[in-house]
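Here it is: the structure, laid out below.
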Amino acid sequence: MTEEHAAAVQPTVAHSGGNGLENIYLPQLMVIQEITQETPDVKSMKLVFKDEEMQKNFSFRTGQFGEFTVFGVGESTFNICSSQTWKDHIECCFRKVGRVTSALWEMNEGEIIGFRGPYGNWYPVEKMEGQNILFIAGGIALPPVRCMIWHALDMRDKFKDITILYGARTVADLVFKRELEEWQKRDDVTIVTTVDPGGETPDWKGKIGFVPTVLKEVSPSSDNTIALVCGPPIMIKFTLPVLLEQGFAREDILTSLENRMKCGLGKCGRCNVGKVYICKDGPIFTAAAVALLPEEY
Amino acid sequence: MIEQIREKAKELLASGEVKVVIGYENGGLPETTRPVFITSPDEVDRLVWNKYCYANLATFLWRKEVSSLGKPAIVAKGCDVKAIVVLIQESQIKREDVVILGVTCTGVGDPPLSKCPICDVNTPREYDCLFGEEIPPKTDINKFADVDEFEKKSPEERWEFWEEQLSKCVKCYACRQVCPMCYCEICIADKNQPQWIETSSHTRGNYHWNLVRAWHLAGRCVDCLECERVCPVDIPLSLVNRRLAKSVKARFGYEPGYDTEAPPPFTDFKPQDPEEFIK
Amino acid sequence: MTGDSKEKQNAEQVEKTRQPILKTLRVENLNDLVRKGLDLGYRVFAPVKDDRLVTFEQISSPEEAFLDGITSRTSPKSVLFPRTERIFSYKIRKDEIVVEDNADISQPTMIFGCRPCDAASFPIMDRLFQWDYQDRFWIERRKGMVIIAVSCLDCDDACFCTSVGLAPDSTEGSDILLTLVSRDQYLAEVMTEKGEDFAEKTGLFDEAGADLDKETATKAVREKLGKKFDLDKIKPWLDENYEHEFWAEVTRMCIGCGICTYVCPTCHCFDLVDEAHYDGGAKIKNWDACQFAAFTVHASGHNPRPDQISRHRQRIMHKYKYYPDNLGAVLCTGCGRCVRHCPMEVNLIRILKGISDMEKAGVGEE
């Protein structure tokens, strides 16, 4: 597989070998600009396109995802956890758990990875404007919500009350801690953080309890409010009834499904659930839409 | 004979001694049968026994789709029983957790499969009930005649043969899925940290897979021939399996599938084990 | 986005549908047809027999082709969608990575002697590979491909093309369909401009007289095939019965091998993997199968389809419900390979007949 190829070498390409059609599986090159270790097994990365023109011309919508390649190892699917309002870079966040994320974990600033995207749908920002937004996230699932939090904060006057409820198993498992503190300090955001019982540290000032329980306690109003919920399946399962109890309509609850993907293009069949391809029709669905799917997520 | 099997199945299910009888029913295509899982005494008439009962049903003893039904009785030919014996030896099932409905067999297939003329278990070696006339084991057979013949070829010829055969492999993993001995929760072929076996079905990836599969069956393969029967591209897989079986027999005097108490050679040490490879 | 491309695709299909031009080909000229193809620079793929195994292989002379079987063991989808294929390669240098997109996929190709069920698989699969994102590996190969199919005069118990709206002599997907109408003559239905162009270039085809009809030739096999289930009853039942005890009953014997999907002309799920050494590597597209446990498992270990019964249901749902829902066609041509080669005789015909019978009974009750 590694024999020298006589064919013309094209640097950073995303286009065809002559016959008109692009090779849709071809990644763009991105440079790792900055790495932050969020928890013992979670890192976030700032990425910029190697090609400056491409960086200038690149656009995406908040909530979309990409396929990230560690060359020589493989490709992995992550949400673009930065907001579309940020033009000079994108960010991703991952837990070291599989083959690709373990390799990505070992990479350094300045090194190159591949990126395909943006893929999938995005948050219905227009629908959310003029409304209150309730963000609910658990553990490593803050990133797919965080992109929308920043989007809303960057256009703060377009949205009404912003409430964030974020929980993790332990204090050490909270990601984006600096930003949590930053949001804490703002007076135009209400933020509640919580850790599972036993996960607290002596100086922990947030709540102690599971996300659904704390949600009940906080009891946010459902009037003119859109809820974004991302977290492990078990958290979503128990959070949904609480939201419905609070009077949220299923149409006003958004979540991001995390099925395994490969191509991101609606071809390879892996993320097919019912008639839906999570990569094409999702990853963002209303709770009403999720209720119509077979339980294969 | 089938009437007696049905009668026994009915009795076992009615008494609650077993919850499911694993057997064969007629298939939809001519000259086929299909594995069937009878859970009610009223359905035992679906069971059949004929020369098209190819499948080694032992694989269903550990599959959760079947084991979840409860304690099984299983219709088993002598070669299938050998697989059950290995599963017991390897602690995948307990002897008391399965009722073996042994059937004597003079061969499956038309013409009989290649394993049948060299079979020495026409009467199963282990069973709870036996159906059919007992057939004394053949004694004058050379199980490895085709392996011996193949070994007369030069290494180059053998390489060429396997290169051609393995180039056909499409990596459908039917050989693994059908194998009663391939019960690993996660097969090494599905592990990617590290990627031991390339998933591509190019020549190198095909060699990776087929050789690792065979090695993992050394001293364990009971030569039920299921892998070879199901291979959609007709790779003679049993030739590799039996080449290894021949070595195990020559070196350790061991053949798998005959004795639930025998320690498998790769889990056992004897001072007289050959060790000429340690130099 | 989806809507637009669907319209575009429909337009393309409309364009392709035209009245067939009827010609004839003398049986003695069949080999010359292949020779002409080779001379014209086509890579020719045909069924090739080796012992009992018939697969689609590239041939270099007409004598290699084997046209007598019912269907080949594996389907000709591998010509457009190889079981393993490099889709780009890259070099890893000290401070940079150089990506090379150098796949040469535009050679003219001829598929010779496939059955109408296989020819019909191509337009069905076009829908997927042209859906939103255009997969050039499929589309460009397809553009340069001429398909010469041969009608079936015999079938076996696994065949069920007539039950999914096709026939042993359907022209769907063929550029030229040959039907043996007498001992020495094929009726050639030239279906597309590509086919016409090719027929012209070979100079081997004659104008057909009005007296020729393929109906008589294929009548016997049509009758033998009959209808094995009622297609109209399948989707309505699937729409309502994702949860049903029937699934476990009819699929419990499935051992989760990939044979049905790998021999299938329309199964198209794939995997993308990197294969590399220290200084470079390649991205490889490999066939994959919804029947494998590892197909959907998350990195966390959670598997949304945790047992074989749900995985087998997925295959049937995808073919007879999801694909029709999304792309307007049943993802099955009734070639029968999955039925014929299933090691456990799961038997798709039996399952679909069971479904169609239940649905009929259900309607009767109302």
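The first chain written gets the first letter, and so on, giving A, B and C; residue counts start at 1 in each chain.
The definition used in the following text is that a residue touches a chain if its C-beta (ideal position, glycine included) is under 8 Å from a C-beta of that chain, and two chains touch if they have at least 3 such contacts.
Values in this document were obtained by computation on a predicted structure and should not be read as measured data.
If you draw each protein chain as a dot and join the dots that touch, every dot ends up joined to every other dot.
Each of A-C and A-B has its own count of C-beta contacts, and the greater count is at A-C.
We define each chain's centre as the mean of its Cα atoms; on that basis chain B and chain C are separated by 33 Å.
If you average the CA atoms of chain A and of chain C, the two centres end up 37 Å from each other.
Chain A and chain B have Cα centroids separated by 47 Å.
Within chain A, contacts with two or more other chains are made by residues 74, 98.
Along chain C, residues 271, 273, 275, 284 each make contact with two or more other chains. Interface residues of chain A, counted against chain B in their complex, comprise 74, 98-99, 102.
Of all residues in chain C, those touching chain A in their complex are 2, 86-92, 96-106, 128-129, 131-136, 139-140, 242, 268-285, 288, 290, 295-300, 302, 304-305, 310, 314, 317-318, 321-322, 325-326.
By the touch criterion given at the top, residues 27-30, 32-37, 55, 59-60, 63-66, 168, 170-174, 176-178, 186, 190, 198-202, 205, 226, 229-230, 232-234 of chain B touch chain C in their complex. Put simply, chain B touches chain A in their complex at residues 192-193, 195.
For chain C in complex with chain B, the touching residues are 51-53, 55, 73-74, 83-84, 156-158, 248, 252-253, 255-259, 261-263, 271, 273, 275, 284, 286-287, 289, 292-294, 307-309, 339-341, 343-347, 349-350.
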